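Next come two complexes, and both contain subunit A; in the first it sits with subunit B, in the second with subunit C.
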Partner chain A sequence: MRALLTHEAATLAAITLVAALGPLVLNGYYVYLLTIVFAYVILAAGFNVVLGWSGQLAFMSAAFFGFGAWVSGRATSLYGVPAEVALVLGTVGAAVLGLTFGALAVRLARYYLAIVTLTLMYVLDYSYRNFAELMGGVSGFRVRDPRFALLGGAQATSDTDRYYIGLVLAILTYVVVRWLRTTPTARGWRVIRRDERVAAALGINVYLSRLSAFVVSSALLGLAGAWFVFLNTRFLPEAFGMHELLFDFLILVVGGLGSLNGAVVGAVLLVMAREYLRTFPGLSEILFGGVLLAVALFVPAGLYGTVAARFRSLRERVA
Partner chain B sequence: MSDVLLAVESVTVRFGGLTAVDSMSVVVRPGAIYGIIGPNGAGKTTFFDTISGHRRVSAGRIEFRGNDVTHEPAHRRARMGLARTFQLGGIIPDLTALENVILGLDQARRSGAVLTDRRSDRAVALATLERLGVGGAADQPCVSLAAGTRRLVEVARTIAAGAHLVLLDEPGAGVHETESRELVRVIRALAGEGTAFLLIDHSMDLVFAACEDVTVMNLGKRIANGPPEAIRNDPRVLEAYLGTTAMRRA
Partner chain C sequence: MEDLLQVLVSGLSQGAVYALMALGLTFIYRSTTVLNFAHGENFMLGAFVTVVLIEGGVSYLLAVAIAVVALLAVGVLIDKIAFEPLLERDHVTQVFATIAVSFVIKGLVRRVAVDERGVPPLLDVEFIRVGSAVLNPQHVLTVLALVVVSVFFWFLFLRTGLGRILRASTQSLRGATLVGIDVRTVFAAMWGVGAAVGAIAGILAAPTLLFSPDMGARPLLLGFAAMALGGFGSFVGAVIGGVLLGLIQIAAGFYISTTLGDLSGFLLIFLVLVVRPEGIFKTSESTAA
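Let's look at the complex of A and B:
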């Protein structure tokens, strides 16, 4: 077990080191692209908690990603708070929304929960567009580069600056979620995903277990959005709708639902693919639909799980 | 009265016009092995669910460790030391045997038990599996285990949880005969250390081999009660239960 831990820690350290060298060797476009990837690593790690681990059909990613972005963007643009404060506000704001909404929503199971979470997404979208004074309106609002109090009030304007900040946030999120997985609460999520009757027999309060997964996801999705909004010049309501949700869902399914590493791999692959496909308008929708179908049919465990299993059996044969 | 662990008084469950459980009473003492048998559809599982809190009663009263738990939800009863297994298996198949037993340690902590450091959880779980003779399965995913081994892992989990009473729901279902004998041996050993067992099964062999006290249920009602020898020769039981089995065999 200890050997396994250090093995994992070593892998993480190696990936961190390689990633840290990125801006020194990559051209500007790829540096920009990877900053987007890092934001999606946070998003995917967060979304995986509710969808993959606790097994609740909560289609909540776009709504909470957007809400975190809105809170953070509003806080910096209107009130000029430092970036760090905006990130905390986006995270906490999304968590509070998740707690109040989730307190009612997680009482619903399966498709009912899916529908109710989709409804929240549309209600938020409607509010952004129609309460312009407070929310920003149809065309959203401009997000100025915030100042980082920890960096002596400097603005992170260059892609390289954002790359490193994003990398730190993504790694912090990964480590926290990884640690979370070893807690009794997270083990409880895995039980309620399988069987809620068994969970109750193990002394797990099923309602609180469902709710805690929902809130943890809310918070991390909020953090992802709060950071993501700084990578754009505007907060745009249309960026946080059905398109975004399906894309997020695809990330988890491609990587492997329920696997943290799968979520990371999915985020890397799909953000890259989406950027590449931007030059062919309309193609990404068709292709992503096809990919979703192909993964569901041929690699239901997701790319990460399948490749990791192959690798393990290969290693066992060699050893 | 402190000698009574579980007291079920006149529990009734109705589904619309149908009475699935009709005024059933059971008393289980610490360290006892109590069995309930009956043909399929007798209402055994429904009755069981009322004891574990997975189903509400229409009438009656359930007392566990001196507390009225009739209206307590299942997770609260579990935290009071009432554990159960499931007919179709309550093991989480994608976790290893060891991880499943750790879920029992989590339950013990939810119950307020003061355990050793979390870092020794794996060692404690392994020791529990070894006590039940299935230490070799520790690192295997449960999906790949034999039915009997899986059942023992599920029992190990209730022991790790520090249960005072373990409800075994059809422990013999799908289990090989030698595995079944092993299960009986384990249950007897654990009961000797003070854990009480209440088991239901429609196969009599396991119940007769394990239990000191047996209640026979048919159509939601208790039709007989006593030690296995007496039950075996009770004409009402032969008529309601053994008769149907004998006819099916013939």
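Let's look at the complex of A and C:
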């Protein structure tokens, strides 16, 4: 076990090191692209908790991603708070929404939960558009480059600055979620995903277990949004609707639902693909839908899971 | 008084669209226990095929007939491609497959039809006068369509041998298999019928909306709401839930505020699911989700 842990830590350190060298060797476009990727790593790691680990059919990613973005964008553009405070506010705001909404919603099973979380997304979208004064209106609002208190009040305007800040956030998120997986709470999630009656028989409080997964996901999705809105420099309601939700599903399913590393790999692959396909209307939907269907039909473990299993069997055969 | 009649008719017609959406979803849900997230695309495709045919010079009624049959075929196709191979798999995978289908259909339509467009109403008449009230003929037609579709399926289900087979397989798949019913054919038929009913909803609603590849998203969610309101999986509940939802939306919008009218459907979903997850009309045929 310890060997495994150090093996993982070494891999993580190596990846971090390579990523840290990124802006020195890559051209500007790829640096920009990777800043978006890092935001989606946070999103995918967070969404995977509720959907992959606790197995709840919560269609919540776009709603909480958007809400985090809204809180953080509003706080910086209206009140000029430092970026760090905005990130914390976005995270906490989404967590509070997740706690109050989830307290009622997680009692619902399967499709009911799916519908009620979809509804939240629509209500938020409606509010952004129609209560313009408070929420920003149909065309959203501009988000100024915030000042970072930790950087002595400097603005992170260059892509390279944002790259490093995003990298730090993504790695912190990864480490925290990775640690979460070793806690009894996460073991509870895995049991309720298999069978809630078994979980109850084992003395797990099913309701609290479901709720805790919901809130953890809310908070991380909020963080992802709070950071993402700075990269976008604009809060746009339409960016946090059905398309975003489906894209997030795709990330998790392609990577392999329930796998943290799979979520990261899915985020990297799909954000790149999306940027590349952006200029062709409709094409990304056809390809993404096709990939999602193909993965569901032929690669149940997801790409990461399948490749990792190959490697494992290869290593065992060699050893 | 004329206000009341107008509110009633437009509420009923709005509700008829939701009821048809919910009915289509229920056909598939009852037979396969899958919630079809691509059902909004049946709605959209129904309108799309009709519009394209009309623009090509086909008469309206013929266009509608072709669209409904085409969507029947689309439903069967979806079953064969995206559901039947996943029969033994878990629900999450099956749901993701329907989401994938929705993605692909929207993308394909977006490739061929870039701009939004208006859809002409079915009848040439501008309005119908009843006493001093002025009614939109499209609304009246929509309500009539719901009645016809409901009676048709009620007759088919309860009065024919085919209906007995369908009812048997929606009650117990294992039992149906044991008495020699080919459930795969039943699944295909239910996907087909579900899609066709969704298409009818789209064709009827299209003249009051603009056609766009994304036009199915909102009716889909309100179809879910109608199902939840009437009791998930109940055919009667789907119709009653849809009609009630439409009436509440229009009445709240007319008598209280447009904001409340727009949001009332969603608020109702919250309320129903949180207070009474089994639906307002719990019937013996409604099942747990």
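Keep this in mind: the second predicted complex is superposed on the first by the 319 of 319 C-alpha atoms of A that agree within 3 Å, B and C clash if a C-alpha of one lies under 4 Å from a C-alpha of the other, contacts with A are read in each partner's own complex, and residues count from 1 in each chain.
FYI, contacts are C-beta pairs under 8 Å (C-beta built on N, C-alpha and C of every residue); 3 or more make two chains touch, one makes a residue touch a chain.
Since we're looking at a predicted model, the values are computed, not measured.
Once the two complexes are overlaid on the shared chain, A:187 sits against subunit B while remaining clear of subunit C.
More residues of subunit A lie in contact with C than with the other chain of the pair subunit B and subunit C.
Applying the stated contact rule after C-alpha superposition, one finds that A:242 touches subunit C and leaves subunit B untouched.
In the superposition on chain A, contact is made by A:195 with subunit B only, not with subunit C. Within the superposed three-chain model, A:205 lies in touch with subunit B and out of touch with subunit C [touch as defined at top].
Once the two complexes are laid over each other on the shared chain, residue contacts for A:286 go to subunit C alone; subunit B is not touched.
Of the two partner chains placed around the shared chain by superposition, neither subunit B nor subunit C is touched by A:15.
In the superposition on chain A, A:118 makes contact with subunit C only, while subunit B stays out of contact range. Contacts of A:314 after superposition: neither subunit B nor subunit C is touched.
Put simply, subunit A touches subunit B in their complex at residues 1, 184, 187-188, 190-191, 194-195, 197-206. By the touch rule above, subunit B contacts subunit A in their complex via residues 52-54, 73-76, 78-79, 83-84, 86, 90, 92-95, 99, 102-104, 106-107, 109-111, 122, 157, 161. Within the complex, the subunit C residues that touch subunit A are 35, 81-82, 85-86, 89, 91-93, 95-97, 99-111, 114, 213-214, 217-218, 221, 224-225, 228, 232, 259, 262-263, 266-267, 269-270, 273-274, 277, 288-289. The touching residues of subunit A, when paired with subunit C in their complex, are 55, 57, 104-105, 107-112, 114-116, 118-119, 122-123, 126, 130, 242, 246, 249, 253, 257, 281-293, 296-297, 300.
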